[in-house]
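Please find the structures below.
Each of the two complexes below includes subunit A, the first together with subunit B, the second together with subunit C.
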Partner chain A sequence: MRQFTGQRAWLVQRLSALLLLCATAALGIYLLIEGPPGYPAWLAFARHPAGSTLILAVTAALCLHGWVGARDVVLDYLHRPAWRLCVLALVATALGLVFLRVLVVLAATLAHAP
Partner chain B sequence: MRFHIYRFDPDVDPRPRMQAYDLPDSPADRMLLDALVRLKDMDDSLSFRRSCREGVCGSDAMNINGRNGLACIQPLHALKQPVVLRPLPGFPVIRDLIVDMTQFFAHYEAVRPYLINDQPPPERERLQSPQARDSLNGLYECILCACCSGFCPSYWWNPDKFIGPAGLLQAYRFIADSRDTATAERLADLDDVYKLYRCRTIMNCTEVCPKQLSPSRAIERIRLALTKASI
Partner chain C sequence: MAVRPEALAGRRNPAGLPRFLNLFAIRFPIGAIASIGHRLSGACLVLAMLWLPDTLARSLRSQGDYDALLAAWRSPWMAPLEFLILWAFCYHVLAGLRHLLMDVGVGARLPAARASARLVLGLGFAIALVLLVARRWP
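Our next item is the complex of A and B:
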């Protein structure tokens, strides 16, 4: 945990924010130009190696960014160790489940690729 | 001129209160401190710190109409009435406008605000290039009045662990000093989730500094130095 507190956590938060910003901008521009892609296009994107890597990277960035942000809020506002532990455990579980869910869906999508 | 001043004597008062004062105008009053000194003549139980009365000692830092500043360099005519005076926010109150700065100076001491150089001292002095000396401008002028730390929400939330903008400005003053040889140790000491990284870049510190310094820029530079050191 010590390795992911001061400067490293701060750097991870900024780098993940950069990735999320670029991904959101790219998606926005795509939707503006091409319109909603529909299920077959999403499926093709997820089955492409670059697409699945990007989805995984964006999900990881979202979870890491969310973790550092939520941890900062907890450190600022919750001063009782028991409360901190409970809330941080809840946040970690929720973010872990989000990542796991994306991983499972992506694996299933790739497994059923023609 | 009308004043509303925070009054609290922990030995007597069950809770703080705001007391109204009406002070007849005087042509001799130029700064807020002049008016406070006259108020003190009217009511000698009113307590506040002051010393140099020219913005050098930093003793008379207080919250003036919702904004931290030094009473001695705050022009009286620029203030909206009633002038509301409170102690520095986030600091324990000793009495009226006097706050306990023990924690503040403990943080200051913790950053080792002195030159560390393990090389043998030269015969006369440790020289710097003009450029290296210029890099200290905007850092060494801090008078430790605590206006910045007292206006920083991150400092209000974690005053015992977050060093605060004043302490971090002082820390960077020695990190940036070309004559100091303890840069790596200083940076390693600051690489902590509380000491440095409680700063949320709110920048109130820079906004209220009565000496027009920029603690937020110093904090950014410490973070940059830490990032460079980690690569």
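Our next item is the complex of A and C:
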């Protein structure tokens, strides 16, 4: 977890923020022009190697960004070491599971491709 | 931060610093409200992320699951929750953009920072409202 503290955490927070900002802008522009995609278009996107990579990258950025933010909040408002450890472990586990489940879902989607 | 005397009621620690601050007696400047809002919206979004894998799975499983998901989100009962998530998302993105701009020195001085804090607070709420109405328009 040392990689995600101090100055490196600050950098991870900014870099993931930039990626998420770009993804939000791209999604916003797409939805404005095309409206919500139908199921076939959405499935085709998730099955395309570039599409699934993008979904995975956005999920990774979300989890990292969420981790740095949650860690900042916990360290500011929780002062007892035992509480900090419990809550940080809970957050890390939850975010890790979110990423792993998205990975599994994407793998299953690719595996069932015709 | 402006602190009224009654906010300092309570014991003082050995260093003479106030303890047990009464949050309701402290006047929060607009920058502090923007900052707390950024954290609060971030916490809401982390919580909302717990539903992300399941939503992704259901949206990709079949045409029926995809339609059911969209229909569930269209239900009027979901409107308050949808608004809360939209508001948290819009505000968090705008406040984050404000921070990133300040990092590179844009609008970092106090008058500009106060004005942009007001702007993102208003704009975040307004955009969320517009998105909610636009999505539910027949």
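As a working rule, the second predicted complex is superposed on the first by the 113 of 114 C-alpha atoms of A that agree within 3 Å, B and C clash if a C-alpha of one lies under 4 Å from a C-alpha of the other, contacts with A are read in each partner's own complex, and residues count from 1 in each chain.
One rule holds for everything that comes next: contacts are C-beta pairs under 8 Å (C-beta built on N, C-alpha and C of every residue); 3 or more make two chains touch, one makes a residue touch a chain.
Small disclaimer: the values here were computed from a predicted structure and weren't measured.
K.L.:
Using the touch definition from the top, say if A:L62 reaches subunit B (first), subunit C (second), both or neither.
P.N.:
After superposing on A, A:L62 lies in contact with subunit C but is clear of subunit B.
K.L.:
Which of the two partners, first being subunit B and second being subunit C, lies in contact with A:T24: first, second, both, or neither?
P.N.:
In the superposed model, A:T24 contacts subunit C only, not subunit B.
K.L.:
Taking the superposition on A as described, I'd like to know which of subunit B and subunit C A:G6 touches: first, second, both or neither.
P.N.:
In the superposition, A:G6 touches subunit B alone.
K.L.:
Quick one: classify A:L43 as touching subunit B (first), subunit C (second), both or neither.
P.N.:
In the superposition, A:L43 contacts subunit C only.
K.L.:
Applying the document's definition of touch, where does A:V102 land relative to subunit B and subunit C: first, second, both, or neither?
P.N.:
second
K.L.:
Scan A:L75 for contacts with subunit B and subunit C and give back first, second, both or neither.
P.N.:
first
K.L.:
Is A:G35 contacted by the first partner subunit B, the second partner subunit C, both or neither?
P.N.:
A:G35 contacts neither subunit B nor subunit C.
K.L.:
For subunit A, which side has the bigger count of touched residues, subunit B or subunit C?
P.N.:
It is C that touches the greater number of subunit A residues.
K.L.:
Which subunit A residues contact subunit B in one complex and subunit C in the other?
P.N.:
72
K.L.:
Help me check something: in the complex, which residues belonging to subunit A touch subunit C?
P.N.:
Residue list for subunit A touching subunit C: 14, 17-18, 20-21, 24, 36, 39-40, 42-43, 46, 55, 59, 62-63, 66, 69-70, 72-73, 91, 94-95, 97-98, 101-102, 105-106, 108-109.
K.L.:
State the interface residues of subunit C toward subunit A in the complex, per the touch definition above.
P.N.:
39, 42-43, 45-46, 49-50, 52-54, 56-57, 59-60, 62-63, 66-67, 70, 93, 96-97, 100, 103
K.L.:
Flag every residue of subunit B that touches subunit A in the complex, lowest number first.
P.N.:
154, 157-158, 190-194, 196-198, 200, 223, 226-227, 230
K.L.:
Hey, which residues of subunit A end up touching subunit B in the complex?
P.N.:
Per the touch definition, subunit A meets subunit B at residues 5-11, 72, 75-77.
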